[in-house]
Each structure stands twice: as C-alpha cells, then as structure tokens.
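Structures are listed in the sections that come next.
Note that chain A is present in both complexes that follow, paired respectively with chain B and with chain C.
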Partner chain A sequence: MKRPLRVYAILYLCFLYAPIALLPVFAFNDGTVIAFPLRGFTWDWFRQLAGIPALHAAVLNSLKIAVISAILATCLGVLAARAATRFAFPGKKGIMGLIMLPLVLPEIIVAVSLLVVLLQLGLSLGAWTVILGHVLIATPFAIAILNSAFQGLDRSLEEAAVDLGETKWSSFRLVTLPLVMPGIISSLLIAFTISLDEFIIAFFLTGTEPTLPVYLWGQMRFPQRLPVIMALGTILVLASVLLLAIAEYARRRGAARTGQKDAGGFL
Partner chain B sequence: MKDTRTEARPIITLEAVEKYYGDYHALRGISAEIRQGEFFSLLGPSGCGKTTLLRTIAGFEDLSAGRLFIDGQDMAGVPANRRPTNMVFQSYAIFPHLSVAENVGFGLRRSGLSRAERAAKVEQALAMVGLAGFGGRAAHALSGGQRQRVALARALILEPKVLLLDEPLSALDKKMRDQMQVELRRLQRQVGITFILVTHDQEEALIMSDRIAVMFEGQIAQLDTPQMLYRRPVTRQVGEFIGVMNFLPARATVTDETHIEVDVSGLGRAVIGPDQLPGGWHPGQTQSVGIRPETMSILFPGETTDRRVATGTVEDLAYYGDMTYYEVRLDGGDRPMTISMKNLVGRPVLERGTEARVAWDARSLVLFA
Partner chain C sequence: MSDGNRGPGFGRSEAAQGYLLVATPLAYALLLLAAPLGAILLFSFWSQDYLTIDTALTLKNYREALSDPLYRQLLLRSLLISAAVTTATVLAAFPIAYYVSFHVAPERKAMWIFLITIPFWTSYLIRVFLWKVILGYNGVFNTTLLGLGIIDEPLTFILYNANAVVITLAHAYAPFAILPIFVALEKIDRSLHEASQDLGEGYLSTFWRVTLPLAMPGVVAAVLIVFIPTIGDYVTPVLVGGPDGRMIANMIQTQFLRLNNAPMGAALAVLTMAMVTVVALVFVFLNRRYLRGRQ
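Right after this comes the complex of A and B.
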C-alpha cells in the first residue's frame, strides 16, 4: 500500500525538478545544441558570461531594483503587520484582505493596469516604475511573513518596556524590533527573490534598461546563446536556493530564540 | 505596628474614577485611598474591572472621568513611563532576547549610573528575590517561578512608590503558588513599598493583604481588612465570593433602638446587637442572613453546650482529612447548609442520614445591607 504512494511522490518530484536539473547539465555541455547525447565538459559558457556588457548592466539593474523593492516592501510589511496584530479598527478585515489580494491577482493584470495608469499620468518608464510594481506584488508576502512574527509577540512586552521608563518608540526599537528581526530578514530575502526573477511586470514597465529576466527573454531569439543562458540560469537557481535557505534559517532561529512555537511560515 | 499602618498617609487616591470602552462601562465611580506601605488587593471575578483599574494606575489606560493621585500628584496626562509605579505582568513579560541581568537592569538604562553601579544594583536585586548568580542566564530558559522572580526584581530595582502585580501567581502550580505567597509578603515587608495585587483568588487575597477591595461589575463592593471581609461581608455577593457561606431565609423586626430580632428559617429567633448591623441597614431589607460553616458545630452523642441548638439530618459529607464538611438539612429548612468540623481525636465522622444537633449562636449571623 505504501509503494504506489512512494512512486507517485517520486514522479511528482521528478516533474517539478527534472527541468531545473537539466540547466546545469547543459550549462557544462560542450555543444551549442541543447540535446542528448552530451558532448563533453566545458567552463566555456560561464567564461562567455563574463564578456557580455549588456548582461552585466541587466544584472546590476535587477539587483538594484530587487534591493530597493525588498526594503520598501518590508517597511510597508512591518507597518501593516504591526497594525494588524496590535490594533482593532473599523474595516480592518476588509483592508487587510485588499492588501493581500495581489498575492492571487494575475500579474499580467497588475502589469497592464499599472502601465495604463503610468502612461496616462505621462510618466516615463524606468527602474522606478518596475520597483513600484515589484513592491506591489512583494508586499503581501512581506506582510504574511511579518504577521506571523508579530503575532507570536506578547503585547505586554512593549508595555513592560514603557513601564520601565522607555518611550513608545524606544520600546519598539529595544524590544519589538530585535524580536521580529528574523522575520524582517526573512521578508527582505523573499521580497528580494520575488523581485529578482519577476518577468511580466518588469517586461511591461522596464523602459530602455531591461532587468535580467527581460534581457534573458530577449536572448532566446539567438539559439547559439542558449548554453550561455543555461549557465546563467544555473547561477540564478543556486543563488535563489541559497537566499531562501537563509531566509528560512533566520525565521526558525528567531522562533527558537524567543521560545515561540514554530508557526509554519512560508517554507 | 498596626497603628502606624492605619495612620499612614495615602499613596494613591482615586476620586470617582470612570472608564468606558466605547459603550462598555468598565469602571463605575471608583473612589478609594491606598495607604503608603500597605499590601493592597483588588479582588473580584473576571470582568469586574480590577485589571482595568490596575492598568489605569500604571498609566496604560486613560481615565474617562475622575481623578487619580499618586503621592499627592495628579496623574492626568502623565504617561506610564513617567509614573512612579512599576508592574509585574501576568505573563511576566520577560524580554526573551536578553539575559536575566539585562532584563533586571533594563529600567536603569536612563538612570545615569555607571556600568559598575548598575551591575551592583542588578546583583543586589537578584539576591533579593533569591536568584543571586543567575544574571548570565538566557531569560527564555527560565522556569515559571524563576521568571516571576526576574519580573519582580526588574520592577523593584527602580524603587517605585507603588508596585503593581497583575495576577502574578495564576500561572504557577499550587505548591509554587503557596511558596510565592509567603515570599511576596516577606518581600513587601522588607522593601516597605506599597504593593497592589490583582487577583481572582479570594484565599490568596486573604492570606497576603492588609486590605482588600472586593469588586463587582466595575464598582468596589467592600473595602476592608481580610478579617472584616470574611466576618462581616456587607452584601450577600461579597459573602458568597469570599469563603463558604450559608444563606438562610430570615425576617427582621426592630425590638427597641439598639436590638434587632431576626427570625431565621430552621434556626429560630435570635437577638442581634447593633455592632452586627452593616451601615445603612433597615429591617425591610433582611430577606436572608449569612452564616459561616465553622461558626456552627455538630454536637456528637453525649456532648453538651451552652449555645443554641437546632436539629437536622446529615444529607451528605465530604471528608478532607483534617476537616469534614457536612451538608445538614435543618428540620423546617428548605435546603441543606454546610457545616465544617475539625476531625479531632476521638470524634467520629458521622454517616449520611444521621440525626444531628447543630450548635450556633446569634453572633454567628451576618446581616446584609
């Protein structure tokens, strides 16, 4: 009875990860055609990566957008999560629901409507417009992560700090902030990752300076470039896995340090 | 000693304090004086407003109306961080990311003391609560009892004029609780600071307090010493809340200016002195009288007494080892009442259905306002 289930689980995992596993295989394959049989091992594609200035510009652009989006989304997330966990106000459920909606809204709709609004306002497209879109889609994730960080917090902790002579702000800084710091780190990393590999919004709003995913998409027209893209993809996958692992580690360590029960989180 | 305490000046004065949460009327005209150096308890069932009142004194809640003075100073507009009060929270609110010493020394951050002076004060405070040498431990690894001691040390290190304790013992197990009751009392005498304790446990309040305010539905029903609260509860509600009390239907008639005759169902007529009457009493009010289980006794075969005697039947009993609680239905009474007896050597425990003679006297009766 256990056996069919195990086979099913293995097939499912293959379906999920086999395509990703092919990335590094062809990134090291000595041949421009993406097909078996493999031709031999090479570092050549990685070496070529270093020699494309347009690619470097795209990487830098993406990093800049991802860092700023992550910081903005996390700041908004801290404010919203604290309001949602500490205060009762009329319309709270409705407001929180609307804030979380972009989580399930098709990105194409967000992208198109943002583009229409920006063009109507006569604003030019560029890195800032992409950041705007990325903050919009990353903020719900930040709130979800930070909500669980704030929820585990005993509200009398801040009161105790005030009672001992601190102001409201210094209590927040001395007590609340260190306790939710793992949540903040985890939120920063996840928002960063979301922004880094987001394509649709970036494609619509990017203007003349493409982000990395947009640049990659443009390169797909040249079949001889495919192995280089495979090499780049390999690096991106490794970086994403690393970042998410750090995010989850930070969240779990924080939960353990403050003696909270592990409330699940994202991963 | 007792005299200096009753003569002591008020440290907290509450004048017609009101608190609304929207439509909910949490505090309804609370007026009271809490004296310098006393162990004061706010006692009542959950939702009676006792914690709200404590948080009002601490500065976490604003007054809707009325005035609050601490050591003669009007606290209107004074935020919690500038009040001469410190609080031990129900959850203890120990900062989990700090060590024990950092927790205890938290309030000294703004004191202007040097690092060495602060460390000395922290060590002294820890020694006072029996945690000497615990400073380096991580706060989140402490047991419940240890957390409570850290919370106490952290609040007392600032030498507040008033220490506020919000149900500090409710999270501890029974044995630990009994031990902490004695220790808290000792600590309070040692530091001489006014303690205000919020509790729903009437036994805890009786054991620890100099005076107790019993609260129901946002009002103080009675403010008195533990002995007076137990012996002379002014209302039936107070008598019911504190300890065990039997209530018997009764009618009162005034015989002359100083004495009242009460006709108690099952017991008979008794003459009551004026010292047994609560303030504002008038005869029409008395529909029932209260009587504590231990102020009556069951006479065993052959035993004689010069007290009044009523007769009845043992309907049920609960044996506690040192005590036995009997449920006795008096002849002519409509429901059984509880009588407690010490299990002295040679005294038998009666069985269900036994005829019993019950000794009582008029001084046992409690009339309510």
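Right after this comes the complex of A and C.
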C-alpha cells in the first residue's frame, strides 16, 4: 500500500503547487497572453511595477494595516492563550468558542456585519476599520499558535521564580515571556501574512484607500494588465513564503526550547 | 494543583485571574463579532424603502428570499457547491493525511505538513485568479492540450461554471481538510493495528474497522471547517464561476453595496448561516449514530 500512496501524495503536492508554480513562469514571459508556448525572457513586467503610484500607495496602506493588525492580534492572542492554558474558570469553553468563531465563519458574514454596524454608527470607513476586521480574523490563528507555545511551558519554572522572590509580573516577564517569545514572533508573522493577503473584509471596509489585494482585484478586469499582475503575484507569494519560513523556524526553536516534541504545522 | 498549596503571591482566585486575562479579547469579540452579528439579525427583520430604513419588525425579507426563485436557486446552489467541494476535498485529503501519519518517518512529518500548508498561506486572491488563467478558453490547460494535439478545440466545460468553482475551492481548502484528519490519525495508538492484524484482520478490514472509526473526529472537523466557510465564498464565483456559478455571497454583496438594500442582504446572510448550522448539526448527529453503531 505504501508505494501507491506515495505516488498519490506527490501528485497531490503537484496539484497544490501547480498554480503558484505558473506565477514566475509568466511573470518573466515576454508576451501579454498567458498561454504556452513561452516567448522569451523579460524583466519588463517587474520594471512596470515600479512606475505605478496607485500601486505603491496600496502597498504602503497594506503594510501599515498588516503591521498594526499583527501587533493587536498577537496581544489579544497572548491574553487569551495565557488564560486558556494556565487558568480554569467557569464558561471557558463558551468564551474561547466565541473568540475562535471567526476561524469558521464565512468572511463575508464578518465583513457585512461590521459594515452594517459601522455605517449605522455613522463612522467613516478607512484603514482603521480594515484593521478592526483583520484583528478579529487573525486573533484565532494567533491563539492557536500561542496556545501550543504556552502549553509547552513547565509551570514549576514560574512558581520557582515566585518562590525566589520575584513578583508575578516580573516572573512572567523574566521567565515565561522569553520562553514563549518564538511563539509570539511566529504569531506576529502569521497575523501579518493573513492581514496582507486578506481581501473580502478589506473590500467591504476599505473606503477610498484600497489595500493591495483590493487594488489587485480592480486590475484583474483588464486583460492587458495580466502579466503585471503575475509579476506582482510572484513578489507577494515570495514574501509570504519567506515570512512563513521565518515563522516556522521561530516555532520550531520555541518547541525545542521548551522541550516539546515537534508535531509540525501551525494549526 | 489546588489553590491550597499556593504561596501568598497567588492572592486572587484562579477563576478571577483567568477572567482578568480573557476580558480584553472577550470584550473585543463581543463588540466586533457578537454585537455586529446581532445587528445583522435585527436588520434582517427591518425593511428598506428606497433610501429610508423602516425599523418596524417584519418577515417580508425572509418571505421574499424563500419565495423568489432567484434567491432560492442561489441558496440551493451554494449549498450544493459547498457540499461538492467538501466531499471532494475531504476524500482527496484523507489518503494524504494517512500517508503522512502512517508512512512518513517521524522526523520528516513536520516538513511534509509545512509543504502542504505553504500554498494555503499565499494570497487567496492570486491563487483563485491563477485558476482562471489555467482553466480559461485561451488558458494554460487548453493551449497546452491544443499544442499537444490532444484536443481540436478548447474545452469550455471547465471555466465559468460550477465545475470550475468546485475545482478552485477544493484546491484552496485542501490544508484545512488535511490537518484535522492528520491530527486525529496521529492520536491513534499504533498497537491497535498490530492487535487487529494479529487477530487475523487484513489491511483493508483493519482500516475499515479500526482506523476509520478512530479517525472520524478528524474527518468531522475537516468537513465542518471546509463546508462552513466555502458556502460564503465570494471571490471564486466571481472569477471562475460565470453566470451559472454565482453563489449567495455575491448576492449578499450586491444587496449591500449595489442595490443598497441592507435588510435584504442581512436576511440572506442570516438564512445562509441558518442553513449551514442545520446541515452541520445533522451531519454531526449522523456521525454520532454511525460511531455508536460501530461499538
């Protein structure tokens, strides 16, 4: 049974990677039509990216939103994960269930419900409303990562610090925090990636300043823009993969530091 | 572990400390998730009269949503597409999870899982867009087959219909299905397999009678985690769905942003969630019965 399963697994990986593999192929292809056979090598599409001011504004906007969302989501994640792993309190399951709910809720539901409330309150849409939404959907991922970081902690280390005269806060800062730091870095990077790539919530809540995905969405209607989108997509995917690799490295180091067996994966 | 052996440093009770920590994330979820969801529910009972919203409670939106063939068709189609995506994704994912859990050396498992999750973390919009490029009339798939002389004219049944939506979503949600099943398989005590085979069961009957029932919690999680979000997908139907592949999220967006009929959009959103919840509950119930029947 092992051999056929292995062949299937490799074919499946090809299916998973096929679309992404096409990105660089056509980003460097010297032709406006996205089809085989290829025509020749060019840097032209990447060069064109440098000359679009609207794109640069969208990138800056997205980066700003992603950085703030990542920090806020990770802060909320630390609080919730610490509460969930360290303390027992009535109603914990229900409370955590509500906080984790955006993980399974269709994003469009989150987007329209936020939109309705914001408009009813008479607030204007902008980068900050997108941040509100992104923090909401990134927090469950942060909690999932931080849960495993906090779970690996040996509680007696903290208790030893308290016994040796540290206050609760200083023992948290000096003992717990350094041990879960890799988890926090991993959570920051994942939340950043989620916010950077998120489209629906940004599409509903962005107002007049588009984020990068919203800008991209607008460009997808124009067939002559295809190669430029491929070039932009190549850069985006590379950035995501790079961030992930760093996040995975941080997570593994954290697991090693607290003496956990490496189970793999973020979820 | 009880409160009794704590030093004076642990003044407050365990529960109070827990509540103190969880208060901020909980307040955030209540304000920005629970309250808006409540608002949507309330909105769905209001009605829109051109530019003004009538706040008298009414079932008008629901009546219209359930009687108008357009809405009914969209709701039904979303449900069917979502079910097809879930079936395809979970069936395709199970062998992968099984392979990684049972046949990959322990030190290489993390790498496999990492490889499987990478595509999921890249821009969703870009991935869906790439399927459009692949499946299109002049797309990569068709031009390659034409170039190789396998077909004489481009295949048209693969883009701008429900098939394209199912393929694209099955691709997008693959890691969501693989990971929970993998986790469930990892928890299975390997000695149960040896016991089963020692007792004379073959490979397949061991799988059927030992592995599958024990992996069921993972399969259930996978089904729910794929089924629930896919029903509200917006991007995929627009990019690859064509007129026959439109789903309910597209109509919700139209109601909110184009027709300026938020109450109708809210009613459709509530109906979608209700539908998903009912199907999910029925599924979980059936699974319980299946597992009980096995014991």
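To be clear about the criterion, the second predicted complex is superposed on the first by the 257 of 267 C-alpha atoms of A that agree within 3 Å, B and C clash if a C-alpha of one lies under 4 Å from a C-alpha of the other, contacts with A are read in each partner's own complex, and residues count from 1 in each chain.
Keep in mind that, in the parts below, a residue touches a chain if its C-beta (ideal position, glycine included) is under 8 Å from a C-beta of that chain, and two chains touch if they have at least 3 such contacts.
Not measured: the values here are computed from a predicted model.
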- Message: One more residue to check, A:144. First (chain B), second (chain C), both or neither?
- Response: neither
- Message: Quick check for you: in the superposed arrangement, does A:67 touch first (chain B), second (chain C), both or neither?
- Response: neither
- Note on the structure: Between chain B and chain C, more residues of chain A are touched by C
- Task: Applying the touch criterion given at the start, work out whether A:82 contacts chain B, chain C, both or neither, answering first, second, both or neither.
- Result: second
- Touched partner set for A:13, first chain B, second chain C, both or neither: second
- Between chain B (first) and chain C (second), which, if any, makes contact with A:163: first, second, both or neither? both
- Message: Quick check on my understanding: which residues of chain A belong to both its chain B contact set and its chain C contact set?
- Response: 162-163, 167
- Note on the structure: Contacts from chain B onto chain A in the complex sit at residues 58, 60, 79-82, 85-87, 89-91, 93, 95-97, 106-107, 109-110, 140, 154-155, 158
- Report the residues of chain C in contact with chain A in the complex, numbered from low to high. 7, 9-10, 14-19, 21-22, 24-26, 28-30, 32-37, 39-40, 43, 92, 95-96, 98-100, 103, 109-119, 121-127, 129-131, 133-134, 138-140, 143-144, 147, 171, 174-175, 179-180, 182, 186, 203, 224-225, 228-235, 239, 249, 252-253, 256-257, 262, 265-266, 269, 272-273, 276
- Can you list the residues on chain A that touch chain B in the complex? 154, 156-157, 159-167, 175, 178-179, 257-259
- Query: Tell me, which parts of chain A touch chain C in their complex?
  - Reply: 1-2, 5-6, 8-9, 12-13, 15-20, 22-23, 26, 33-37, 76-77, 79-80, 82-84, 86-90, 92, 95-96, 98-99, 101-110, 112-117, 120, 132-133, 135-136, 139, 143, 162-163, 167-168, 190, 193, 196-197, 199-200, 204, 213, 216-217, 220, 226, 229, 233, 236-237, 240-241, 244, 248, 252, 262-267
